[in-house]
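Labels A, B, C and D are assigned to the chains in the order they are written; within every chain, residues are numbered from 1.
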Amino acid sequence: MRDIQNLHDDRKINIRKVGVKTISYPITVLDREKKLQHTVATVNMYVNLPHRFKGTHMSRFVEILNRFYGEFNLKKFHLILEEMKQRLDAEAAHLEIEFPYFLEHRALAGSIGTERYECRMHGSLQDVDDLVMEVDVPITLPGTDPAGEGLPRSMGRWGYARVAVRFNEFIWIEDLISLVQQGIAGTTGLSGSVESLCRQLGEALGETRAIGWFRVEVENLADGYSTFASVEGP
Amino acid sequence: MRDIQNLHDDRKINIRKVGVKTISYPITVLDREKKLQHTVATVNMYVNLPHRFKGTHMSRFVEILNRFYGEFNLKKFHLILEEMKQRLDAEAAHLEIEFPYFLEHRALAGSIGTERYECRMHGSLQDVDDLVMEVDVPITLPGTDPAGEGLPRSMGRWGYARVAVRFNEFIWIEDLISLVQQGIAGTTGLSGSVESLCRQLGEALGETRAIGWFRVEVENLADGYSTFASVEGP
Amino acid sequence: MRDIQNLHDDRKINIRKVGVKTISYPITVLDREKKLQHTVATVNMYVNLPHRFKGTHMSRFVEILNRFYGEFNLKKFHLILEEMKQRLDAEAAHLEIEFPYFLEHRALAGSIGTERYECRMHGSLQDVDDLVMEVDVPITLPGTDPAGEGLPRSMGRWGYARVAVRFNEFIWIEDLISLVQQGIAGTTGLSGSVESLCRQLGEALGETRAIGWFRVEVENLADGYSTFASVEGP
Amino acid sequence: MRDIQNLHDDRKINIRKVGVKTISYPITVLDREKKLQHTVATVNMYVNLPHRFKGTHMSRFVEILNRFYGEFNLKKFHLILEEMKQRLDAEAAHLEIEFPYFLEHRALAGSIGTERYECRMHGSLQDVDDLVMEVDVPITLPGTDPAGEGLPRSMGRWGYARVAVRFNEFIWIEDLISLVQQGIAGTTGLSGSVESLCRQLGEALGETRAIGWFRVEVENLADGYSTFASVEGP
C-alpha cells in the first residue's frame, strides 16, 4: 500500500499548517533576580507549507522540543525555529509558549509573597525572525483598611491590561510589567474608562525606546460582561 | 465468552456508583414570568450500589433522560429518579443538572436586558426524595457615573454568593435570587468582609419559612486569590 | 471637569477597537427541522476606529443588542452591524456569536437524543458585509459491541474537525455538519493522519458550489498533546 | 466604630469555614529520581469553626503559606496544618494543593519526554492528621503504526482513572501511577467497560499493603458525554 501522504502533490489541496499543540512542559525562563525561574508551559509548534510532508514527520517536532528540554530564552527560541524550518523543509516555522511567571513583591501584611502573570511568547521564522512577547497584568481595586491594621484588602477585580510587544532591544518581563503598573497608577483612578486607560498605556509604551511595536488591550469586568478597548502602535 | 459483569458477586470489589455524566442537553425550566425558560443544561445521572449491574445497562440512563426530553421541574425530577432506581435495581438514584438561568431586569442604560445566574439542582432518591437547589449570585461593585448621563458603570467584580437550599415549600429561583440580592444590599457596603456578608445572608435565609436548610458561601476576589467564608443552617 | 474622552484627537494614540464582550445571552437560531432552536450564546460586539468615541457610547452596543433580542439570522446580523457602524460612527463594525447547536439523531440504543455542536458566526461590515460561519464536529472512535446487544459504545475521542466557511448562497448548519461527517466517514479509517483527513475534508468543501471560501483544521488528541493540520481554499 | 466581626457571638449564625483559595504558587514536591520537582500549584487553606475569628485574621493564612514557601512534603503539610489550627484558634484546619506532576518516560519516537499527571493532596487536622493523595492517570488508545517506522500513534483518548488513597506507609506518586498503569495494562483491552476496569483497579489497590483506603473512579469519554463507575475500599 502506498503512503497516502506522498500523493499530495497530485491533489488540489495542500496542507498550509501542520504541527503539535497543547504540550504541557516544565520549563525554565530567565528571571532578573533569580537568574532562572521554574514554571510550567503550554507549547505549540507548527510549520507553514511544508514540502513533501509525511505523517511520520510529526515526531520531529517533539524530538526538537526534547533536545532543548529545560530552558527557554531568546537564543533558544531562534535555534528551535531554525531547526524546525530546516528539518521539516518548510517555508516558515512557529513556536508559541504560554506560562505563568511569578514575581515576588513587597511583603504587605496579608499579601501573597508572589504574584502571578500570564505570559506568552510567539516566535516565527520565515526569512527573518519575529518575536512577540505578551503579558497579562491584572488590575485590582484597592480597598480600604477596615480594621485599621495596615491591611488594605482588595475590593475586587477591575479587569486587566494585556500588553504585546516586539522589541528593538532586550526587555525583561519584569520591566514590561512595571511599565504597565506605573501606567495604571498614573491614571486618575479607576473611575476612568477602558478607553482612557488604554490610551495612557499606549503612550507609555510608545515612549519606551526598547519597544518597536506594541498592542494594548484593556478589559473591565462589568455586570455579567466586559467592556474593552485596544490600541496599537506606533 | 461469559459476560465479565455478571461475575462481580464473586469478587471482593463492588461498584459503588455508576452512571453517565456531562451530557449537554437543551432543556426548559419553570419561569415565573414567562412560564417556561429555554436554556442548556449539563446533566449527570448515576445510581448507588446497583444489583447485578451490567455494562449494557448504561444505555438505560440515556433512554430515561430521552423520554423526559424537554422539561425539568420538581415532579419530573421525582419521576426520573424513581425510574432510574427501579430500572437499574439500585439502592439510590441521583440526578444533577446545572444550567444558566436568565432574568430580565430593569432596563438601565447600558445594562444587558438579561442577567445570567448559574443554577444547580441535585436530586436523589433512596427511601425518600431529597432535592437541593443552588444558585450563584454575582456581586459587582457599583461604580460612579463619570459622564453624568445616568449611567453608573460597574467598577468590577467583588465576588459572588453561592446559596444552596432545601425547601419546606416550593420557592422560585427568582425569589431565592431576590432574597440574596436584598441581603447584599442590606450590608453597610462592600468594605465589609466575607464573614459579615456571609452571616447576614445566613440570617436572611434562616428567617425564611419556606427554607428548611441552607448553606451560603461568600467569595471575594482579591489580588490573585480569593477569600471565602461559609455558614450552614439552621 | 472636562470629559477626558473628548480629548483624544489631540493625542498620538487613537483607539483602534472598542466594544463589549462575553455577554451571555439566550437566543434563537434557524433550525431546518424545527424552524427555530433555542440556545445560549456568548456575544462580542465592537467597532474599529470610531470617530469621537466617548465612554458613554459603550451603552449603545448593549441597547442595539437588546433591540434585536431573541433572534439571530443572516438578515438580523446585517441589521445589527449596520446600526452599530452608524450609531458609533465607525469605520467597521463586528459581531461575533458562539453557541451550542443541537441536532437530534437516529435513536441508537444508548445514544443521547441530541448531539451538541459548537458554532460560531463572525460578521463584519466595513464597506461590504462579511460573514464567516464555523462549526466544530467531534470525531469519536466507534467501538465494538461487547455484549452483543446492538450497542456499539464509543471507544473514546479521536479529536475534531473545525470547519469555517464563507458562502455564495445560504447553507444550513445541518448541511455543513453532514458534509464534514460524510468526509470523515469516507476516509479509510482513523488509522489515517490529521493531514490526510484534513485534505479529504478540504476537497469535499472545495467541491461544494455554495461555499465560496473554507478553512479546515483537524486535530487528533494524542498522548498528552495534540497533532493538527489545516488547509484553506480555494 | 466597633469591629463588626467581634459581635458574632451574639448572633445566631456562626461561620463554619473561612479561608483563602485558588492561590497560584510555584512549589517543589518530592521526586524519586530527581529528589525535587519544580511545579506550579493551586492552594486552598481554611479552618472550621474558628473561635472569635476576625476579618483581619485572613492575612494569617497567607503569612503561614509564605513562611513555608518552596517545599511541600508530608512533614511540611503537618506543620502548616498545626500552625493554622493554632494561630486561627480553630477546631480543624485544611490544606488542599493541586499541581501537575511530570514524569520522564521511555523515549519512544515521537513521544514527549515528559508526561503530565494532575495531582491533589488534601490534608486536614482536627484531633489527628488526615491526608488523601489523588492522581489522574490518562488512558489513551494505542494506535497502529501506519508508516511502519516504529511510531505507534495514539488513536485518541479513552478516558482516565482517578485514584485517591490514604496510606499506611509512604508511597511515591510514581509508584501510585505505576500501579494504575499496570492495572490498566492487565485488562483484556479497552473493549471492556468502565465497571470492569474500575473493579480491576480496585483489586490492585486493595492488595497493596501500603494503602489503607482507596477510591477509584474510571471515566470513558463517549459520544458527547461520559460513562463512569467508582469503587471504594477496603
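By definition in this document, a contact is a pair of C-beta atoms (placed from the backbone, for glycine too) under 8 Å apart; a residue touches a chain by one contact, two chains touch by 3 or more.
Remember, predicted model here, so these are calculated numbers, not experimental data.
Look at the CA centroids: the one farthest from the centroid of chain D belongs to C. Here A-C and B-C are compared, and the pair linked by more C-beta contacts is A-C. Work out the mean CA point of chain A and of chain B, and you get 36 Å between them.
For the pair chain A and chain C, the distance between mean C-alpha positions equals 25 Å. As a whole-number value, the distance joining the C-alpha centres of chain B and chain C reads 29 Å.
Multi-chain contact residues of chain A, defined as those touching 2 or more other chains: 23-24, 55, 58, 111-112, 116, 146, 153, 192-193, 224-225, 227.
Partner chain B is touched in their complex by these residues of chain D: 4-5, 8, 11-24, 46, 53, 55, 58, 192-196, 198-199, 202-203, 206, 219, 224-233.
Partner chain C is touched in their complex by these residues of chain D: 111-112, 115-116, 138, 140-141, 143-144, 146, 153-159, 190-193, 220-225, 227.
Contact residues of chain B toward chain C in the complex are 3, 23-26, 37-40, 54-56, 58-59, 62-63, 65-66, 69, 100, 102, 107, 109-114, 116, 146-147, 149, 151, 153.
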